[in-house]
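Every chain is named by a letter (A, B, C and D) in the order it is written, and numbering of its residues begins at 1.
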Amino acid sequence: MIDKHIDSLSDAVADIFDGATVMIGGFGEAGSPIELIHALIDQGAKNLTVVNNNTGSGHVGLAALIENGRVGKMICSYPRTVGSKVFPELYRSGKIELELVPQGTLAERIRAGGAGIPAFYTATSVNTPLAEGKELRNFDGRDYVMEYGLRADFALIKSECADNHGNLTYNKTARNFAPIMAMAAKTTIVQTGSLCEVGSIDPEVIVTPGIFVNRVVEIPHPAQESKLIAEGRSYP
Amino acid sequence: MSVAKQQNIGWGREEMAKRTALDIPDGSYVNLGIGIPEMVAQYVPEGREVIYHTENGLLGMGPAPAEDEVDPELINAGKKAVTVNPGASFFHHADSFAMIRGQHIDVCVLGAMQVSEQGDLANWSTGEADAIPAVGGAMDLVAGVKTIYVITQHCTKSGEPKLVESCSYPLTGKAVVDRIYTDLAVIDVTADGFMVAELAPGISFDYVQQRTGCKLLPGPQLAEAANH
Amino acid sequence: MIDKHIDSLSDAVADIFDGATVMIGGFGEAGSPIELIHALIDQGAKNLTVVNNNTGSGHVGLAALIENGRVGKMICSYPRTVGSKVFPELYRSGKIELELVPQGTLAERIRAGGAGIPAFYTATSVNTPLAEGKELRNFDGRDYVMEYGLRADFALIKSECADNHGNLTYNKTARNFAPIMAMAAKTTIVQTGSLCEVGSIDPEVIVTPGIFVNRVVEIPHPAQESKLIAEGRSYP
Amino acid sequence: MSVAKQQNIGWGREEMAKRTALDIPDGSYVNLGIGIPEMVAQYVPEGREVIYHTENGLLGMGPAPAEDEVDPELINAGKKAVTVNPGASFFHHADSFAMIRGQHIDVCVLGAMQVSEQGDLANWSTGEADAIPAVGGAMDLVAGVKTIYVITQHCTKSGEPKLVESCSYPLTGKAVVDRIYTDLAVIDVTADGFMVAELAPGISFDYVQQRTGCKLLPGPQLAEAANH
């Protein structure tokens, strides 16, 4: 029978392997699966390629994963958030690779990966340095660049409410990248604020159908990144 | 060709559906085509849970409703009234086909007009000049779903083989079929061609071969069964 | 101030012009905006290109629009539904054009049109007659065809609940093509079962944000296509 | 270049935002960049309703919340806490950028490092070797939104012109800017180059020209204003 619930964070991330591509949900701290990220730090996988809009703040969550030397490459749109010091230092010293992707192109590449679309065309970045080396093509008099779908081995995301089939809802703008990352990853691992009975979420309001989810861990009171940072915390 | 028309030998429709259901693992996400494939849902073995996807926008489809509980806006891809099981979700067509194209559906069971020994499937058009062409989601399903099962009578009503060297009808997809369940046998599509995995009770390998448009290979399971 | 509510069906469809491309929601009768279609028949626009998964049934709704000679071309995936007689006759006599598109490709082309994607690649239809004349391209060892985004001048769709900003929810599988057609049309016209106050639909459960909607007409008790057909009705 | 540093002439930040707000039609869907552009929301003229989109997944964004009502998961693209207005909706990033890329947003107001007389915008990178490149949604916005307004000081802090013949910084987009609101003037990007539509009180055309890196044209509105 179908039950995607897993008791422990460490079991949930146990099989993330060295060199894996890991999509991590969140836009800033909204939607950041901080407990799953910390479990991944404990787990020890390294040389990861991480896909996230940013590069984390302070010394917790994604920033801590980077600071602990686990990330070989970031694919992101904005690695320069206020409070983001870990990534810039490593980047300047050549210790981490960066693939800079416009935010909407990043989102669409992830969605395409999840939807079985190997490539698509967008006008975003045409005539800019980010289009360099990319294939240009004209449709109806306008130039577009070809962009590739993006898939991952794992996705770590945060949901508001989940059932044992993996159906998910989100809290406000914490939704951001989670639904499309869930689609694009081979294995999607969810931390949810509340685990509920199958059938208790209205089928009309489920945002991520369970087909895109593999594991659900309940974390009723997740840490708040900005609070940890204000307290000067670092991980581990 | 009249031999193929005998009614009382081989598997019936229910038995074909039941046999197919045995091969669908617990926890699978499954899309069932119209006709005999739909019947597979009735035969999920005890202890297994299977979630049904219908491409018009529902995951967690349940059986047909009682007549007084029909909602004309709760239908399956065959446009028949259905119900929802606990844990169901609704979504739009682009999201629904993202599930298909993105290889999120584990198994799809389809009908067939012809299957070639390379696994090519023809099930959408006779290619006749005056036919109204209609494809629906068949091409998306065979291109996107991980495992494609076909349930079909072994021969057409007029006794022509449906398992052939190469399809004469327009293709739905090339090299897409994994396994075929007919009234006579269970047949795998392998790199070497069709391989018979199982015979219906009272049906011999030669009997099936006579009704097939290309060479069949006996699978290891047949030899094993013969040794018992 | 923003108020997309329009009182009359005839006002809602008044500017649909001869030769327009019109996307019409619905999969079979589920989600078919039958009152809007009948208003379009009354309005008289002709030589329309209609995008719908099917071609209607009986002699009402989309079938009636076709039967009344208003449709020059259908873009659809399945024009052979049970009870669909009008289209086949016109098609055989060469009086209507057909662009046959696999259902998922049709959905993705509409979504791409709405999302500003001029073209994308899909494996669907490769090695079949429907890929003839289309550009093939190999990604990672697999062949894909290039398909174009599809846009429309108008979309006619049906919703369960709408507010005056045009935010929409749907009923069960009546959702089908409506959200993506709303995105892909320059002007999206909605018939809704219930018009409610702005702010009364939970922001988490809105399926179509009002930005994709231009006009909303309230039709509290829409006709049921299958009932009309059973009664032998035809339109007008 | 010290003339440009004078503080008490021309429009202040609030006035620039207020002037921009006048040009946003009733019923528009608007995306506001970080900084002065955000302030435009405070100056929507009486009787107009504008709906704000923030690309991280919210349509119908309202003002900042009271301190005790902050939800760290209800933020805008600048990662600041916001509220929702009645009629708001949440959606994921791909849907959010579909609104942008699909030309559903009517107006976007952005900051600028440089704008060229062809309407090229540079606002994401100084192109310096040791800078951490970061682009966010700027390239998507300029490529997708129908009308692009720029609010910027006319010159840099060191007095260099930001309105130039051609951008020396890496581009965000080519030929994308429609109108520029500076502390000195409102300037349209036209096929003939920059055209001054309006001057801040007490500012002369020549004064603006001196602080601009390419030739300015006087718009018809200036002649009209001069005749009154």
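Quick note on the criterion: a contact is a pair of C-beta atoms (placed from the backbone, for glycine too) under 8 Å apart; a residue touches a chain by one contact, two chains touch by 3 or more.
Remember, predicted model here, so these are calculated numbers, not experimental data.
Taking the mean of C-alpha positions as each chain's centre, the chain lying farthest from the centre of chain B is D. Simply put, of C-D and A-D, more C-beta pairs touch at A-D.
Rounded to whole angstrom, the centroid-to-centroid distance between chain C and chain D, based on C-alpha atoms, equals 37 Å.
Taking each chain's centre as the average of its CA atoms, chain B and chain D sit 57 Å apart. In this assembly, the C-alpha centroid of chain A lies 30 Å from the C-alpha centroid of chain D. Within chain A, the positions touching two or more other chains are listed as 108, 111, 115-117, 122-123, 170, 172, 203-204, 207. Residue positions of chain D touching 2 or more other chains: 58, 84, 90-91, 94, 97-98, 100-101, 144.
Which chains touch which is summed up as A-B, A-C, A-D, B-C, C-D. Contacts from chain A toward chain C in the complex involve residues 108, 112, 115-123, 137, 139-140, 142, 144, 148, 169-170, 172, 202-205, 207. Of all residues in chain C, those touching chain B in their complex are 27-31, 53, 77-82, 87-88, 91-92, 98, 100, 102-108, 110-111, 122-130, 170-180, 207, 224-226. Within the complex formed with chain C, the chain B residues making contact are 54-58, 71-76, 79, 84, 90-94, 96-98, 100-101, 125, 130, 132-140, 143-144, 170-174.
The part of chain A that touches chain B in the complex is made up of residues 1-2, 111, 113-117, 163-165, 167, 183, 198-199, 203-204, 206, 209-212. The residues of chain D lying in touch with chain C in their complex are 26-27, 29, 47-49, 51, 53, 58-60, 84, 86-91, 94, 97-105, 144.
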